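The data blocks that follow each hold one structure.
Look at the two complexes coming up: chain A is in both, with chain B in one and chain C in the other.
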Partner chain A sequence: MTRFLTREAAIRWAPLLVLIALVILFTAINPDFFAQRNFARIAIAAAPALMVAIGVTFIIVMGSIDLSMEGAVSLTAVLFCFAFLWLGGTLAAGGWLAIPLALIVGGLIGLINGLVHVKLRIPSFMASLAMGFVGTGAAVLITGGDIVRIEDDTFRALLTWRIAGFPLMVYVVVILAFLAWFIQNHTTLGRNFYAVGGGEELAHASGLNVRRVRITGFVLAGVFYAIAGMLQVAKLGQAESVTGANFMFISITSVVVGGVALWGGIGGVWNTVVGVLIVNVINNGMVVIGLPDYVQDGMLGLLVILAVVLSTDRRNISFVK
Partner chain B sequence: MDIQRLKPHFPWITLLVLVIFVGLNDPNFLKPANLLSLAGDIVPLFIMALGLTFAIYIGGIDLSAQSMANMITVVASVYLASLGIWVALLCVAIGFALGMLSGFITTRLFVPSFISTLAVGGLCFSMAQWLSGNRALNMDAAERDALFGWMIGRTGIIPNELFLAVALLAICLFIERRTTLGRALKAVGAGELAAAASGVNVARFKMLAFAISGALAAVAGLLFAVKLSGGAPTIANGFLLPAIVAVLVGGTPLTGGVGGVLNTAIGTLIVAVIRASMLYFGVEATQQQMVFGLVLIAAIALTMDRSKLRTVK
Partner chain C sequence: MSTFIKDFVEREKINRRNFLFASAAGLTATAVPGILGRGAAFADAGGWSLAWSYRDRASAYWNAIVSGGEAYVESLGLTKEDMTNLINEGSSEKSLADIKAFLAKNAGKGAIASDPNDSPNARPVVEAVRDAGGYVSTIWNKTDDLHPWDIGDNYVAHLSWSGEKPSEDAARLLFEKMGGEGGVVHLGGIPANIPAVERLNGLKNALKDFPNIELLDEQSADWDTNKAAELMSSYLTRYGDKIKGVHCANDNMAYGVIEALKAEGITGMPITAFDGNPEAVDLVMKGELLATVFTNPHWGGGIALALAHQAAIGAFKPSEEPNEHREFYGPSILVTQADAEEFKKTYLDATPTYDWTDRWGLSAGGIVYK
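Now for the complex of A and B:
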C-alpha cells in the first residue's frame, strides 16, 4: 500500500519537479535562459503544441491513441486560411466566420477518426495514423503544394499584441487549458473518459455507452487540433501542407512525459501542460546553452521511453505489443 | 463458397484484377518491359515492407523503418569513400542493432512498439541530421558504380534490383518457413501468452523480429542511396505509409500470426499497380497519400482478426 501511495505521488509530482530542475539547470549554464523574453519565446512555441497535446490527452486517458494530429492540424490550418481569405481577408470583414468553420472541420475529422476506429473496430493508433495521412494528403491537394498567407493585423494580434510581455495567444491557450480541465473534471463526458480508461469492460457493464464516449473523445480532440491549426496560422502568418509536421512526435512525447499513462485512466490536462512545458523548455534550453538543434529529436525519443518506463507498473503487465 | 476459405486468396486475386483492369485501359501497361521496370522501381519499398512484415507478423509495428532508411542513406553516403564495400555491412549492422534496441525497449521495458519505434525513429533522425550536417550528400559516382553498380542497372530487360529483391525474399521465406525462429515468430503472432506458456523465449524472438525489420529497412535505405547516388535526412519520407499498406493488403493483418513475406511480395505489387494506375488515370502524385490512407483503412478493416482483441483500443 505504501508503495502504491508513493507511486501515485511520484506520478503526480515528478514531472513538475523535472520541469523546475530543468529551468534551474539551464539557468545555471546560461543565465540568459531565465529572462522574460525567453519565457515568452517558450510560451509562443508551446502554445499550438499544447492545444494538440490537450486534444490527444483525452484520447490517451481513454486508453486509446490518436496519431492523426499532423494531418488534422495541416488540413484545418489550410482550410481556415482559405475560408478566411474568401470571407474578406480580415477578421472584421467576416473572416471571423472561418474560426467556427475550422472548429467544425476539426470536429468532423475527429468524428471520422472515431467512427473508423469504433465502427470498423480498427485499433485507434492505426485508424488515426491512416486518417492523418489522408488529412495531409487532402491539405496537399487543396493547396497544390503552395503556401497560403494571411496578412490581417487584427488576427495576427494573437502574436503581435503583447500583455505583460506575453502575446495574446498565450492567454487564449491558458483559458482553453482551463476549459479543457473543466471538461475533464466537471462534465459527465470528462468523467466518462476516465471510466473507459480505467476499465472499459467495467464501464460497459455499468451501462456506459463506451462507443459513443470514444467517438465523442475523438471529436473533442479534433476540435483542439483545429485550434492548434489556427494558432499555427496566427504564429506563422501562413499555412501549408506541412504546417502540422512534427506535432505527432512532440505532442505524444509531451503527454507521456507529463505523466499521462499510455494505458489510460491516469493523468490529465495539468500533466499535459507540464509535459508540454518540459519538452519546450528542453528544446529552447538546448539552443540557449549552445547545443545543436538536431539533438532534439533524439533527446525527446530517449525522454519518452524513460517516461513510459517510469510510469509503467510492471507487476501488472504480462506483455505489450 | 465460404468467404473465410477464400480470404487467403484475396491478395493475389486483387492483384490480378487490378492488373487486368489497368491493362484493359492501357494495353502498353501489360508489356513485359513495362511490368518489369514497374517491379524494379518498387524494390526499395518492397525491402522495407519485407522487414515490416516481421514486426507486424508478431503483432507489433515498426514506425522507425522510414527514419532508419533515411539515416542509412546518410551513413552510406558518408562512409562509402572510407569503408568501400564494407559500408554495406556497417549499414545492416546499424539497422540490426537499432532494431534490436526497439525490440529490447518493447519487450523488456514494456513500452508499446509503436511508441518505442517512434522514439528510435527520433534517434535515427537526430543521428542523420548530425552526420549529414543537415545537407543533402552526394556519393562519388565512380566509386558507387564500381562497388554497388550491380544493384542497379539492368541484365537484359530485367532490372538488377529484382535479383536483390528475390534473393532477400528467398532468405526471409527460408527464415519464416524452415527455421526455429520462423516457427517461434508464428507462435508468438498467433498467441503470445500461449507461446510463452509453452516455453518459447518470447522476448528474445520478438527482439529478433524487430532487429530483422531494422536490418531490412537499412538495406532498403542503402539501395535507395545507391539509386539516388546520395543521401539526406528526409530523402525516404513517404515510404512508411505505402510499406505498411503493402504488408496489410498482402494479407498479414495487424493482429499478426497469419500471412508472411510472400504475402508482402504480392502486397507490394498491388501497391505498385495502384501507383501506376493512378498515373494512368491522371490522379496526381500529390493525391497518392490520400488514396493510400484510405486503402490502408480498408485493408486493416478487411484483414484484422477481431477475435484476438477483447477490446479494441
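Now for the complex of A and C:
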C-alpha cells in the first residue's frame, strides 16, 4: 500500500520534477537563464499557448480530441482586431466590446464543432480538424491575406505594463488558469468531463447526457481559444490568417507532457500548466544555452518523449493506440 | 416644332441607336460564351486561356503577385475573372495536377505562370506544358540544371529574385546605423529555403567590410512573427546588451522582433527587414524599422504571365532571345525612412501602370549560378 502511494505520488509530481530539472540543467549551462527577466520572457511566450492548451485539456479529459485551435485562434484574433478597430480603435472608446464579441465567436466555433461531432457522429478528430480549416479559411477570406494591426496603448498594456517584473497578461492568464481549475473541480460540468472520459458507457448508463456534456466541452474550449487569440494580439500587436499557426503542436504536446492522458479521464488543468511551462522552458533554454538551431527541433522531440515517459502512468494501459 | 422638341427627338434617336448597339453587343457577349464555352476570353487573348498557379491567398506577397497577373489580363481588355487561379496550397502534386487539368480543359491552349512550389517540381510542370502545347513561365522554384532553352519555346522564362545583394545593402545600412561596431543577431527563414540562405549570405558579405561588428547568432524563425518574437526574447537573455542591431530575413519576423523589444521597453534598436510589405513600410516611415527591401511582386506576377502569353501568341520567339532574357532576376528596392513616403505613394497607395510589352525593362540581369 505504501509502495502504491509512493508510486502514485511520483507519477503525480513527475511533470513538475521534470520542469525543475530542466530549469536546473539550463541554469547550470548558462546562469543567465535563471533570471527574473528571462522568466518573464518565458511567461509571455507561454501565455497564449496556455489558454489554448487549457481549452483542449477539457476535451482530452473527455477522451476526445480537438484540433480546431489553429483556425479558431486565427479567426477570433482577426475578428477581434476588426471589431476593435471598428468600435473606435481604443479600449476606452468602445473597443472593449470586441472582447465579449470574440468570446462569443469562440464559443460559437466550439458549438459548431461539438454539434458536427455529436449530431453528425463524426469522430472529434476529423470534425474539429475540418472546422479548424474552415476557421483558417474564413480568416483568409476576411483579411484577404493582409495583417490587421492594433496600436492602442491601453490594450497593449497587457504586454507593456509590468507588475513585479511580469506583464499584465501573465496575471490575466494565472487568474484564468484558476478559473479553469474551478470549473474542472468545483462544477458539475467539470466533474462530468471526467465521468465521460473515465467511462462513457457507464456515464451514459448512469443517466448523464453525454452528448450535451461533449458539446458544452467544445464550447468551453472555443472560449479559451478566443482568449488565446486576443492574448496573441496583445503580444504581437497584430492579427492575420496565420496567427493561430503552430498552436496545435504546442498545445497538444504540452498537454501530454504535463501528464494528461490522451485516452481521457486522467490529469487536469495543473498538469497542462506545467506542460506548457516545460515546452516553453525547453524552447527558450535551447537558445539561451546556445544549441545550434538545426539540433533544436530534434532535441525538442527527444525531450518531449522523455517527459512523457517520466510523467504519465502507462502501467495499467493494455493498449496504446 | 420647337427646338426643345427637336432636341428631344434627336436625343432619343441617338439613345435608341445606342441602345440597339448595346443590346447587340450584349447579346453577342452573352450568346458566344454560351455556344463556345469561353468565347469572350478567346476573342481577346488570341485564342489562349490564361492561368496563374501559386501557393495561396493568405499573404500580402501572393496577393501582389496575383494582382500583377490580373493587371496584365486587364491590359488585354479582359476582366480579372478571365485569369484562372490554380491554388496549390503548398502541394507540388496539386500544382502539377491543376496545370494538367487546365491544359486538358483548354485543349493545350494555355498560357501559364507558375511557382512550382518546390524546385524538383519545376521539371514535371514545364514538361507537362510542353507536351500539351502550352506556354509557361516559372518563378522562384526550379533546379539549377533545368533551363528554358533546353526545354524549348514552350518554357518561356524563369524569374527569380536574388536575396543576396539587397540583403547585403540592408546589412550595410544597419552596420552604419550601429556606428560600425557592436553585436548583431540574424533571424532567418526556413533553413533550406533558397531566399533564406541568400539573405543570410548577404549579411555575411557585408560583415567582411565591418571588422568591429560581431554576428552574435543566426537562427531560423521560419518566416513567422510569433516564432521571431520568442527567438528574439531568448536572444535577449543570452546576449543582453551586446545586441546593438537586428537583421531579419523578412518583414513578418521583424514585426515579432519589434514586439519582443517593446515588451522589454527597448526602443530605438535598428532593425532591417525584407519584402517591402505595406505594414513594414509604415514602420519604416515611423522609424521603428530601419529599412526593408521591396521586390515588386506585382510586376513579377504580371510579367511572368505576360511572357508566357506573348510567346504563345507569337509576339516574340523565346529561342531568339539571349539567355539572360529567359532566366532573370526581378527588381529590388531598398526602402529607408528618407524615401519611404515617396515609395508608398508610388508603389503601395497607387499601383504603377506597367507596359507589359517592355518585357525585361525591370530585370536585374540574368541569373547567376554558383
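Methods note: the second predicted complex is superposed on the first by the 282 of 321 C-alpha atoms of A that agree within 3 Å, B and C clash if a C-alpha of one lies under 4 Å from a C-alpha of the other, contacts with A are read in each partner's own complex, and residues count from 1 in each chain.
Note that a residue touches a chain if its C-beta (ideal position, glycine included) is under 8 Å from a C-beta of that chain, and two chains touch if they have at least 3 such contacts.
As the structure is a computational prediction, the values presented were derived from the model and not from experiment.
Judged by the touch definition given at the top, the superposed model places A:146 against chain C, while chain B stays out of reach. Looking at the shared chain after the overlay, A:308 reaches chain B, while chain C stays out of its contact range.
In the superposed pair of complexes, A:294 makes contact with chain B and with chain C alike.
Once chain A of one complex is fitted onto chain A of the other, the partner contacts of A:64 are limited to chain B, with no touch recorded for chain C.
When the shared chain is aligned, no partner comes close enough to touch A:25: not chain B, not chain C. In the superposition on chain A, A:116 makes contact with chain B only, not with chain C. Comparing chain B with chain C, the partner in contact with more residues of chain A is B. In the superposition on chain A, A:14 makes contact with neither chain B nor chain C. Comparing the two interfaces of chain A, the one with chain B and the one with chain C have residues 136, 140, 144-145, 294 in common. Residues of chain A touching chain B in their complex: 63-65, 67, 116-118, 120-127, 130-134, 136-138, 140-141, 144-145, 200-201, 248-249, 252, 256, 262, 264, 292, 294-302, 304-305, 308-309, 312, 314, 317-321.
Chain A makes touch with chain C in their complex at residues 30, 32-33, 35, 37-38, 41, 44-45, 136, 140, 144-147, 149, 156, 159-160, 167, 232, 235-238, 240-243, 245-246, 283-284, 287-288, 290, 293-294.
On the chain B side of its complex with chain A, the touching residues are 59-61, 105-107, 109-116, 118-123, 125-127, 129-130, 134, 192-193, 196, 202, 241, 254, 284, 286-294, 296-297, 300-301, 304, 306, 309-313. In the complex of the two chains, the chain C residues touching chain A come out as 56-60, 62-63, 191, 217, 219-220, 224-227, 229-231, 233-238, 240, 255-256, 259, 262-265, 277-279.
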